[in-house]
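Before anything else, here's the structure in question.
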Amino acid sequence: MSKSPTTYADLADPQARPRYVGITTFFRAPYADTLTESDVGLIGVPFDGGVTNRSGTRHGPRAVREQSALLRRINAATGVAPFAQARVRDLGDCWIERPFELAGALDEIAAFYRAVAASGVTPVSVGGDHSISLPILRALGAERPVGMIHIDAHCDTGDDYLGSRLHHGAPFRRAVEAGALDPRRVIQIGVRGTTNDPDMWGFSLRSGMRVLDMDEFDDKGWRHAAEEARRVVGEGPAYLSFDIDSLDPAEAPGTGTPEAGGIRALHAIRLLRALRGVDVVGADLVEVSPPFDAGTITAFNAASILFEILCLAVEARARRG
Amino acid sequence: MSKSPTTYADLADPQARPRYVGITTFFRAPYADTLTESDVGLIGVPFDGGVTNRSGTRHGPRAVREQSALLRRINAATGVAPFAQARVRDLGDCWIERPFELAGALDEIAAFYRAVAASGVTPVSVGGDHSISLPILRALGAERPVGMIHIDAHCDTGDDYLGSRLHHGAPFRRAVEAGALDPRRVIQIGVRGTTNDPDMWGFSLRSGMRVLDMDEFDDKGWRHAAEEARRVVGEGPAYLSFDIDSLDPAEAPGTGTPEAGGIRALHAIRLLRALRGVDVVGADLVEVSPPFDAGTITAFNAASILFEILCLAVEARARRG
Amino acid sequence: MSKSPTTYADLADPQARPRYVGITTFFRAPYADTLTESDVGLIGVPFDGGVTNRSGTRHGPRAVREQSALLRRINAATGVAPFAQARVRDLGDCWIERPFELAGALDEIAAFYRAVAASGVTPVSVGGDHSISLPILRALGAERPVGMIHIDAHCDTGDDYLGSRLHHGAPFRRAVEAGALDPRRVIQIGVRGTTNDPDMWGFSLRSGMRVLDMDEFDDKGWRHAAEEARRVVGEGPAYLSFDIDSLDPAEAPGTGTPEAGGIRALHAIRLLRALRGVDVVGADLVEVSPPFDAGTITAFNAASILFEILCLAVEARARRG
Amino acid sequence: MSKSPTTYADLADPQARPRYVGITTFFRAPYADTLTESDVGLIGVPFDGGVTNRSGTRHGPRAVREQSALLRRINAATGVAPFAQARVRDLGDCWIERPFELAGALDEIAAFYRAVAASGVTPVSVGGDHSISLPILRALGAERPVGMIHIDAHCDTGDDYLGSRLHHGAPFRRAVEAGALDPRRVIQIGVRGTTNDPDMWGFSLRSGMRVLDMDEFDDKGWRHAAEEARRVVGEGPAYLSFDIDSLDPAEAPGTGTPEAGGIRALHAIRLLRALRGVDVVGADLVEVSPPFDAGTITAFNAASILFEILCLAVEARARRG
Amino acid sequence: MSKSPTTYADLADPQARPRYVGITTFFRAPYADTLTESDVGLIGVPFDGGVTNRSGTRHGPRAVREQSALLRRINAATGVAPFAQARVRDLGDCWIERPFELAGALDEIAAFYRAVAASGVTPVSVGGDHSISLPILRALGAERPVGMIHIDAHCDTGDDYLGSRLHHGAPFRRAVEAGALDPRRVIQIGVRGTTNDPDMWGFSLRSGMRVLDMDEFDDKGWRHAAEEARRVVGEGPAYLSFDIDSLDPAEAPGTGTPEAGGIRALHAIRLLRALRGVDVVGADLVEVSPPFDAGTITAFNAASILFEILCLAVEARARRG
Amino acid sequence: MSKSPTTYADLADPQARPRYVGITTFFRAPYADTLTESDVGLIGVPFDGGVTNRSGTRHGPRAVREQSALLRRINAATGVAPFAQARVRDLGDCWIERPFELAGALDEIAAFYRAVAASGVTPVSVGGDHSISLPILRALGAERPVGMIHIDAHCDTGDDYLGSRLHHGAPFRRAVEAGALDPRRVIQIGVRGTTNDPDMWGFSLRSGMRVLDMDEFDDKGWRHAAEEARRVVGEGPAYLSFDIDSLDPAEAPGTGTPEAGGIRALHAIRLLRALRGVDVVGADLVEVSPPFDAGTITAFNAASILFEILCLAVEARARRG
């Protein structure tokens, strides 16, 4: 080995510098304000206008950016080096000009993501509340419905609430209705908790989604969940939506609607690694609410999970050529 | 004195019990779900849909209720005993059925307060963001415009923002436009900070409001501010609006739009006590955002200030007979 | 289904409203200050006079009430709808008039619970420290000793300490001695940690209690623990006592005497659900100490566990007719 | 200057070492477990059995010890070098064998302080709640009543409460009754807040104490307070009791019974420095409750104030010869 | 006014957008990685290798950037609009390749700032600990010594400590020795606290610096301090160094060496505004240590003060033409 | 049993007293400032000069001391009573006179530990960052290399970084090079996370260390890890190094370089208990960084793990006679 990599001769690379240094982009990746130089784009969506209880996820992107500085360039478990294998950029935030009106705000997000989709960039988004997944799916599934691996404490296939068809508990019902999501290619992992309605998540079951609830996950483990996920989404294009409230509240207290007894970050990460090969065409990580965090554990675990998601997106893109 | 009051023979009164005991109403006052048994009603308005930056004030009423349990029955400085001098009740929360639409939400609040106004109860409200003051004023000033003593780091007389005429930086411009507020009988105390617009608070000046900014307050003190307030509002009915961000951020970090260099709680309290005699027909304390609090200092100071406001409201009502 | 329940036409029910709204009772259930309208009563016991190290559990009831607002009406895992299946009320706090004397304070609690027992209400209590279980058991086991499922990091069958027979490490020894608890129908789950005395928990073993310690729980799992619990308590009346320090300190830091390496909330909840059919005649959840909490994870997990306990109590009561 | 003191050739002195180093005694002073080698003794009294609301001051001594490590050897404002001018030792904690019984616990404290008094050591104590001042005064004022400079948000001259003559709101009434405190040589500075009883602090006035309330302090300043204090206590022996809740809650949130609008630490310190010459025969700093602290600001300010008190005690002792 | 500025037609400007949006640069100013497009450069110096007690200021720049997002474009008190009046850029961080060696690290900083000085950019730096001021002054004062307005709880003119001539308590002695700082044009404001050495700050006095300590500041106020500062530094080039520990610890707990009883942020800001006209050729704000912050009050106050410093630097530069 | 131990007649023993009482030494063990009266010495090493990212471990020893007060005298799981079975003392801190120079600082530590080794005391150290293990191993392995059980998220066998051969990511490479550590008798358990270098931990593999990474640990459990550890280190002298970042970040957030998805404290403790019989000749617990802790969970878990390590060291020493 003529030049030891551990001497960090490459300190010119901001990602190799001490991690407390520099402007906080996602993973200290380069910032880009155009779509032309990226293969995979990390995008913040600081919007929480769809929340029905505790808000604060508008601050999620910044908190995840800050904690993501603790991550490094290579996934030691899989060997994936996302920043070397693709042009990964922090594309900044998809922000909303008129946040006071929910339907219009979601339309603004959809317009942004249509531009992203048109550019060919694979978007990996950080919310924001889960309502943002609807406009993203509208853009990504505009031509044909996508499948989805959805990791969450809730199915988010509810109906109207508080006078609104749109809110963070309903995006996937609306996405199916809009023809952007194929329910038979959807799996929902980690679902649990209390409901106000005995039929709260009935749409999931009736539309053909596979609901792998927390009891099943706890009994059968992450390998089983990964196998089911691969079986359900198959070879086609798949969206990956990770709601941080799928994690146990001790590992992710900073979220708006926690449910006791969730997935450990360890197993969420192992599950994600086992999804290599899925054709991930877009992904999001949502519901990180920094004002409710204790320390920064939620944002840190979120950043760690985001890194795994990024690796999946980079590899999927490489496979598509 | 045959029976020492310090033996608390009156422990039957929940307010005399140890302060960590019991359901948390405002000041441990009785809860009432009708308007018929109150003279002065403490009302939570857990709404933060008008916020332009950091949210969280929807949790303000609960946090202030909890901290208000630390207060006792008598104002030792003035001798006022509000719960003995009037029927003071916690009327619970004015909640919003359709929170996702700002204009409609404010209309719901206005409808609630029209009922309060019709009942003759003096409302003392706890926000919530400052946008709630507009519908409250619409109800209280429906017949004739009221004056106002407004203590705040911001004038909140801004214009449209982010596509909306309604938001927490504009209630008092809209209230003037609606004929509910008489700008010549308005004083704004504690204003400071940065702006994005050189004319941000120009409406205040042009409409005739008295702006007593933080420099003047710091130079001339709370007695001067109180004198000016009494001069400006005069004998007529006056609304009192206290934005917790008027306090110094060290004393009120838990708020959405802090501005460095504010009023000390000590002087805010002394200012309020010096307003005895003003004809307070309604009041609010807004912008307490518990998720951004450090410890509970903001909610505690808010509860302490609310107690002073309550004393003013009780005395004003007694004077009106 | 002519009228979709997910539209929440029933927003008249406070429990269906947004969860940040309203006075904080347990699970936003109705408050009642008499015993006559309840089947199951949720009762706070804000007393920590029996603590030997870190105090603060006097603030436990309020913190659990606040976090319990995050829960909803239906147990999605079991379908139990406690508020629909029984008259569940928040009965407020059992407070102590003379808290400075431990023995007398416990007598006050016993008197309160004798009234509860006489009324036929099933009490589900929230402490407070574990010393409160003794007077509750004295009331509930007055006629014949009850069995007990006790989930805790400690056996709490110690002897005198610091000059007192009564403290939070001894209630169950005293309850056996008082004839209120049948040790052969007692199981203690989750016990672990350091001791100052090699015979610290010897009373448990000598009196015939089944001690299922943390190592056994970790090796054999929650199903095994549930089976053992059902075997030990059998068909007879059983008390359920859940000390939050049974959970791992990462999931319940807000407690006075944490012990490293405990139960995950996920498995505590699954264990509780597996106890359906046990004749629960009363229950408590104790040792939540908010001043030592990090964020509100302890109180949140406690509220989630309390919900499961409530479901058990409601079902048991229904079975008794 | 042949040998620069700033080179810290004296690093052999633990107090000169980096402040994050070493066992945490008060001000990193030597620990002593006998009374024979000290002139002034720093003593923790980790007892909060006299508290009527929020507890936690049993942890006060440890928290103040830890923060006191941030202080150095010399009072730059006055030039006093307490550790050089007297034998100052950390005498550890006065702990209570039977903490569950309030009267007996206070008797244990009194016995401890009688030994201290007999040894000639000047005690500077750190509570614990304010009930500890009574047994300390009983010991120090056993032969003749002492005067007192009492800085506090409360007079602590209340009567029975919750069935007890002894609690943290009554020590000074009891001390007067016991003949240990001369009320005509007592000044109480910083009093404010709400009361449950119009005559709450009537004993102070009737017995001849000088009550200099917060309004007077704010209007006339620390120099006036210091002059009044010197006038009231005169030349005779004086006890100094500093309740941390005299400070503004923003500067001392970690206390059980905060009152809004208090003294700034800056002015408390200047007030104390202006008391040089008073014959301080003992002192305490009480009511630091770490579980309620935000960060460590309360304990830090307490340690800073304790340093000033220590300087007063050292100088007073030197004057007595 | 044909186009209302309050409608924010200029939302294209990132600084006009909602403040929770976007990559966090200082004040959301544009990021630049060259020196050629700036008049005034905001520079982070994440280095705390000179700390003698609590570290953590390496995280200061990020925390101040985040909080600075709460500020807006215009100084409402003075009308200064720094971003409109000069090309203000966030130049990112001056990072250190070899942080383990203190002397070399400071040399790296000096080299960076020599490049800044050569470019003509006015540097406004955010530390980092106070040791960074030495290499900055070496660069800015290379040709002739500068004056300095130094606001700090400590003079930072100490001598060797722990075997090192270089540390965060000595930069200004070293700067004088290096001929970069003219002590007769130096004022130090806010000095207070304990020392380990009676001659700790003797160098300041002997070298001719004006030490305006905290007592003088408290007695005579910010206007007096500003007048003295202007008198001392005169017309010549002046550096401005603001150590956040000059503030009261309640307003700036997040710092390594707090001293009780400091300046209020309100008065620090008013002091700074009164320095308009001073020829500020460079400035720093140091010693913000986020790990020790409570909430984010320290970083927020720091950002607010940084804004005032920026305004001074922009105006001074404009005067120089 | 004539005298019940549960009456604590032995309250003369400080470890039997209430746990909130007394000076905070490790486990409230006696403090000793000489090496002559100890068999096993608990030693703080408050040094974090080898850190490459977030610092703060200089405060680790104090925080672990404080939390260790929650532990008691006997290991209930194993029956080991370390303080009864050996003379265990808190030897205070190994502090560094010249902390600004890393190589020299480590030499100071080595000199200290050579004295410890010469005295025959078994050192159980609390860091500080992981760079301290190198000088300790230099002292303990001076005569012949030792084996090591190393529990950590990182192998810490990196090469030069930021211009330094010495830092907290490289101690074990340097120890092997120094002949103090036998790599064929080293096992590293819990390794995971991202790297900047594909060969980051290549030295471990090439030198013959057994790397049992987190995936293997999660798949095969703590019993497997313990068996492997016993197999690898065999009968010879072994050092035990426990980096708190081996734990899951939810259980140990207070550390400088967390890695998601770690070991639960429960299983770390069970693993350690299963190491009884290993010839532990020294041990450390490192990387507790209190400024980054949430609550005190990290220090508490660290203290709990330290207790297990202490038990191992005491038993090993007894076996050696």
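As written, the chain order gives the labels A, B, C, D, E and F, with residue 1 at the start of each chain.
Heads up, the rule we're going with is that contacts are C-beta pairs under 8 Å (C-beta built on N, C-alpha and C of every residue); 3 or more make two chains touch, one makes a residue touch a chain.
Just so it is clear, the structure is predicted and the values come from calculations on it, not from any experiment.
In summary, the chains found to touch both chain A and chain F are C, E.
Two chain pairs, D-F and D-E, are compared here, and D-E has more C-beta pairs in contact (counted per touch definition above).
Listed candidates were E-F, C-D or A-C; the one reproducing the A-F interface, defined as more than half of contact pairs identical by residue number, is A-C. The chain with its C-alpha centre at the largest distance from the centre of chain E is C.
Between chain A and chain B, the centres computed from C-alpha atoms are 40 Å apart. Distance between chain B and chain D, defined via averaged C-alpha coordinates, is recorded as 37 Å. Chain E has residues 18, 20, 54, 58-59, 97, 99, 162, 248, 250, 292, 294-295 in contact with two or more other chains. Chain contacts in this assembly follow no simple pattern; the graph is neither a line, a ring, a star nor complete.
Two chains count as a pair here when they touch; such pairs are A-B, A-C, A-E, A-F, B-C, B-D, B-E, C-D, C-F, D-E, D-F, E-F. Of all residues in chain F, only 1, 4-8, 15-16, 18-20, 70-77, 79, 81, 248, 250-251, 264-267, 269-270, 294-297, 300-301, 304-305, 307 touch chain C in the complex they form.
The residues of chain B lying in touch with chain E in their complex are 52-54, 158-162, 192-200, 213-215, 218, 248-250, 253-254, 257-262, 292-295. Residue ranges on chain B touching chain A, taken from their complex, read 48-50, 54-56, 58-59, 97-102, 104, 162-164, 166-167, 291-292. Those residues of chain F lying in contact with chain D across their complex are 11, 17-18, 20-25, 31, 46, 58-59, 62, 65-66, 90, 92-93, 95, 97, 99.
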